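The data blocks that follow each hold one structure.
First chain A sits with chain B, and in the next complex the same chain sits with chain C.
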Partner chain A sequence: MKKLSARRRHPLAALVVLLLALACTGGLYAAFAPADKAQADETAQSLAIDEGKKLYSVGCASCHGTDGQGTTDGPSLVGVGAAAVDFQVGTGRMPAQQPGAQVPRKKNIYSQAEIDQLAAYVASLGAGPTVPTKEQYGPEGADVAKGGDLFRTNCAQCHNFTGKGGALTHGKYAPTLEGVDPKHIYEAMETGPQNMPSFPDGTLSAQNKKDIIAYLNAVNGEESESRGGLELGGIGPVAEGLFGWIFGLGTLIAIAVWVAARTAKAKKS
Partner chain B sequence: MSTNTSTQSRSRGKAPAGERVADWADGRLGIYSLAKANMRKIFPDHWSFMLGEVCLYSFIIIILTGVYLTLFFHPSMNEVEYHGSYIPMQGQLMSEAYKSTLDISFDVRGGLLIRQIHHWAAVVFLAGMFVHMMRVFFTGAFRKPREINWLFGFLLFVLGMFTGFTGYSLPDDLLSGTGVRFTQGAILSVPIVGTYISMFLFGGEFPGDDMVARFYSIHILLLPGIMLGLVVAHLILVFYHKHTQFAGPGRTNKNVVGMPLLPVYMAKAGGFFFLVFGVIAILGGIASINPIWVLGPYRPDQVSTGAQPDWYMGFAEGLVRAMPGWEINFWGHTLVLGVFVPLVLFGLFLAAIAVYPFIESWVTGDKREHHILDRPRNAPTRTALGVAWITAYMIMLIGGGNDIVATHFHLSINAVTWFVRIGFFVGPVIAFVITKRICLGLQRRDKEKVLHGRESGIIKRLPHGEFIEVHEPLSQEQLYTLTAHEQYQPAEIGPTVDENGVERKVKGSEKLRAKLSKAYYGEESQIPKPTVEEYKEITSGHGHH
Partner chain C sequence: MSSQDIPEENLPAAQDTAHGAVGVADEKHPFADPGLPPHEHRIQDVDERAAKRSERSVALMFTVSMLATIGFIASFVAIPHDKSVYIFPIGHINALNFALGLTLGLALFCIGAGAVHWARTLMSDVEVADDRHPIEASEEVRAKVHADFKQGAKESVIGRRKLIRNTMFGALTLVPLSGVVLLRDLGPLPEEKLRHTLWSKGKLLVNMNTNEPLRPSDVAVGSLTFAKPEGLEQHDHGFQNEIAKAALMIVRIQPDNIKDKRELEWSHEGIVAFSKICTHVGCPISLYEQQTHHVLCPCHQSTFDLSDGARVIFGPAGHALPQLRIGVNDEGYLEALGDFEEPVGPAFWERG
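Then we have the complex of A and B:
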């Protein structure tokens, strides 16, 4: 201790203290790095919002208003949340091509990054449902049978037994759920796009949504097999009747004509 | 000489085994004379005469596969929990009927195949009856003496519809349950007795727990039993009346030209049975029908879109979907016209089939026997009426599937429904007019062919430069066939004043009949057949014109 105390007047002492102080600051800085990363995240977020606003001004503002307040051509986007944007833009429905009874699903021209930026911007207008994570809509821990029951109770009256879609009034329709990304199905349930009612977690819990998605994947997914052979569209007796008439009776009439044409001819004397 | 010896040797020794068996059977059943009289019965040949066979064979297939299904089906509405091999239903509560149908589909060997054959055969059976009935109608084969057999056929069609409906409801799945609920609604709409009938039928409030068991008895015992009897009666009458035939040389109202039942038609019919079985089995093997496992068990609080009945009930569905939801309220009672009117129309639609032969014979006053078929063109009014009926039926089928039509053709369901509403009234009228015109056009063409021959396509240049097409005269057989049909005169009211100058009262029905008769056989409803004089005049000349 004496040694240290003796050298406190050393010409380099100030330098050493300075170095120590710097090291301390550096250490502290390192220790509080997460807080600083959050700072960086916020910057990225605001960047995304900025970028999203640019995209928004080009693709959406003409109908939804320059600040998402809505116009006569499109509803307000305040409070719809990121999930709504991810669904509408991710399935190609938005930006809409033309007004009509219902905006159809079409090819999506935005990259996922751009969609996220748009979503970030719209989410910044007012709090709303967020984009679900993979754990939320993934098949792990889902009860398929329960999902089927829930689907028949809540969804089948518009979307058909296995989600093949159905008609609504005046040209509107419940679209087919075949080949729809589970994430989008989840978002649709959360946000209730277009004519669909929304099913927030209070109505249909997160687990219920997971079950429904798992059921759809089981009966109408890429890997679900039709146990009875040709599915005939999976739309029920109309298709079955048509098939029975054309390929059942049609074939039999063709055979009858063939058999009758090959009759035993009486020999002419 | 040699023949003699062989007979002698046989009479001494024992007869061959086959002969002895036949002899034994004949001694006890007396079938020899019956067989002798009928084995060589003659049947005419035409592909359309085989439509009835399609129905008969698919009916047999339905019975055979149905028996197999009864071995595994439990007609009970007891609630059970599912633990079979179909994963998406694990642990679900369902009726035993639904569970056993799942088991038939997934756990019984060949169960799903047999189920699908059974159902496809039912679809084909009804479609076959429909087309068979059209054939009989458009060729006038329902006329005397076959009116009763027409009624038998009609009953088979209607009972087939209800057998199909009850069978379709047995699995107690969500789709068929919705259909039964629909039917119960229609029953409830009947004034005064509706609620009583509903309570009686379902043993209390819908759905109750008797429905499946009751439908089961109706589906496997009552209706098929009646139908089997009717089929036998239908066939006996076909034998008794002899089969109708199209006009042609050598064919008269008193004979039948064709092939004997044995061996020709036995072989043909036997072969055709296997062809029908084969086609239906292929359908059952490759195409899914009524996949009840994705439909889910019936619960009155659930429903799906696209809920239609099988095709033969589709027009009833269409009537209800097209009818505006009107109702009348009086003294605390409600008359639900939106459902009751379609129910009445459903009955009238079907009854029209049953009564038509009697209406036609009344209008035309024709009480003679007919064994020669009409070509549809030679009975334009009848043909046009038939097509009008089918048009209304088809429009109602579109109405029954209005949601499917809307989604698959990207239309508004409201537009489809309005099309059906207007089309139901306008469509048959347009179809009637167009069909009649086509028939008359075809009659004119026949007349032209008889008088001028067939266009040969050969162009001839005459010495003075004129080009003519050579018309090839028809053969005597063709001429006969094209002119064999009868042409009727409209029934007149007759003299209204008798020989003493006393005026008699003309009844309204008589006037109506004369009017209708004129519509059937008036100048605007048939083209006069070419006469012998006309023919001679034209053919004696140049042979071309």
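Then we have the complex of A and C:
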């Protein structure tokens, strides 16, 4: 057998060396990387906080202050918790476009990873509600009927009995809950965004919140059925009355006019 | 079709003259009565083919109505009551409701539309004038009625038999009293019921959601909680009547932000409890804005400032929301320190 060194000028030698080198690096990475991750969860967390702080300085600091202490343009973020950040940024409300009676929901421009980093930074300023998990707001084990009861007691006064929203004072309003991510509904109940009061677990338990979300999904979900046909916005008898008076009565008048109208004559006059 | 088929009066030559009363102008009536305009005939009157077409359309509508009724019965029998179906502009709706409404609506509409079409195209449309006649009866008839009435009154001896006359008046006067007495069934008078609620000294504030008594630590700044008095359960007889008066809205405000001195005194570390019943006409009012501490009534937009003794800042409400004086008992639960000072709800009483 020839010596290995004798083949070093073989046309394929370079390729073999390259493959060996790649295998070596990959093998080493595979051997060490998991160990790194396991022992350095805290490092990842502080990395997220660092990244979050950078994002915060760009998007939020002008109103909420350089350290989240708040300014005249925006409230302090100390103690609002990760849930508040996930809600406000995840629904596109923050960063706000302009000051006004109420910051509206709009298109979210951050990725979920960026939101998590921002949330990690704001959570590091002071303890607050955390982002709920899927088990907390998912449909399993929820009582829809109880949720309806709770919704009518706690939420319906502003959001309407099927969550269609409604008006408040001085240009403020309770937004519609149609098409809102269950996670965001959960976070809103926990944190009380803008003028909405909060419903902390002490007075509205986690199970209660889950029931309410299940109720909203039952009356307002993609698949929920409208037994009566046209909902007319689901805002109650005012819309139905208006529809009846204008379109119902209007049609009847039109038909009455047609009944008494001049019929076609044999002779044009 | 030849002109022989057309009745004489429908021929165009006979149509151009006015008919009905035609007057001539004279001194008393300076404008002559022009009479009715000449009658014009419809296509169906002069063209038998058009009339046939109309007949067929009317029959078609009646037939569609019959089919729709059969469809109604068929859908009632065939479609399960819980089947859901997607109809484009409406969304997910109940299939049975939709089918029943559509078929019954079509059946009724086609009967009406057929009848109208029949009347408009085939029934006679010749204008008919019916002159008015005086409403007043003739002189003789009126004289006869008067004479008959006098005769009847005389024969009834009502003027001579005074006892009968007086007792009859008495009976007729008393009869309406039975109607007045029935109004008593509108209920016993409310007496003191509207002035007091279930709240009294030492009653715990029970969370409406969890049915557990509240601790001060449960009530966070910016949160909103509804409470009922301890011992009142949802299935109790008269629950609705009692909760309608006792319903309580609990919020927590930083003590520094409470402007009203009495409100601060009656609170517990900034936890304030107000009646949930609007003082205008008694709507449940709980549209609470946690940043401004304003509460809005959804019925007539009365707005109260919870940081200033629930003062009315907008709308028709006449006075502030009643506040319940609260404290903490030995076991650390929130308790009432008495009933509301004034009746809750609309200001039905004189407040001087």
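Note that in this section the second predicted complex is superposed on the first by the 222 of 269 C-alpha atoms of A that agree within 3 Å, B and C clash if a C-alpha of one lies under 4 Å from a C-alpha of the other, contacts with A are read in each partner's own complex, and residues count from 1 in each chain.
Keep in mind that, in the parts below, a residue touches a chain if its C-beta (ideal position, glycine included) is under 8 Å from a C-beta of that chain, and two chains touch if they have at least 3 such contacts.
All values reported here derive from a predicted model rather than from experimental measurement.
Peer 1: In the overlay, answer first, second, both or neither for which of chain B and chain C A:C158 touches.
Peer 2: both
Peer 1: Tell me the contact category for A:G192 with respect to chain B and chain C: first, second, both or neither.
Peer 2: After superposition on chain A, A:G192 lies in contact with chain C alone.
Peer 1: Regarding the shared-chain residue A:S124, is it in contact with chain B (first), chain C (second), both, or neither?
Peer 2: The answer is neither, since A:S124 touches no partner chain.
Peer 1: Please work out whether A:V259 is in contact with chain B alone, chain C alone, both, or neither, and reply first, second, both or neither.
Peer 2: both
Peer 1: Using the touch definition from the top, say if A:N208 reaches chain B (first), chain C (second), both or neither.
Peer 2: second
Peer 1: In this superposition, which partner touches a larger number of chain A residues, chain B or chain C?
Peer 2: B
Peer 1: So in the superposed three-chain picture, is A:S226 touching just chain B, just chain C, both, or none of them (first/second/both/neither)?
Peer 2: A:S226 contacts both chain B and chain C.
Peer 1: Touching A:A101, do we find chain B (first), chain C (second), both, or neither?
Peer 2: A:A101 sits against chain B, while chain C stays out of touch.
Peer 1: Just to be sure I read the superposition right, which of the two partners does A:V238 touch: chain B = first, chain C = second, or both, or neither?
Peer 2: Touch partner of A:V238: chain B, not chain C.
Peer 1: When the two structures are overlaid on chain A, which partner does A:L168 contact: first (chain B), second (chain C), both, or neither?
Peer 2: A:L168 sits against chain B and chain C alike.
Peer 1: Residue by residue on chain A, keep only those touching chain B in one complex and chain C in the other, then list them.
Peer 2: Common interface on chain A, chain B vs chain C: 153, 157-158, 166, 168-169, 174, 226-231, 259, 263-264.
Peer 1: How about chain B: which of its residues touch chain A in the complex?
Peer 2: Residues 45-51, 53-54, 82, 87-92, 105-106, 112, 116, 120, 123-124, 127-128, 131, 174-175, 259, 264, 268, 271-272, 275-276, 279-280, 283, 285-291, 293-296, 299, 301-311, 314, 400-404, 406-407, 410-415.
Peer 1: Touching residues of chain A toward chain B in the complex: what are they?
Peer 2: Touch list, chain A to chain B: 101, 143-146, 148-149, 152-153, 156-162, 164-171, 173-174, 215, 218-219, 226-232, 234-245, 247-249, 251-253, 255-257, 259-261, 263-264.
Peer 1: Contact residues on chain A for chain C in the complex?
Peer 2: My answer: residues 150, 153-154, 157-158, 166, 168-169, 172, 174, 192, 194-200, 202-205, 208, 223-231, 259, 263-267, 269.
Peer 1: Quick one: which bits of chain C touch chain A in the complex? Just the residue numbers, please.
Peer 2: Those in contact with chain A are residues 12, 15, 40-43, 45-47, 84, 90-94, 97-98, 101, 116, 120-121, 125, 207-210, 214-215, 217-220, 222-226, 251, 284-292, 294, 296, 298, 301, 303, 314.
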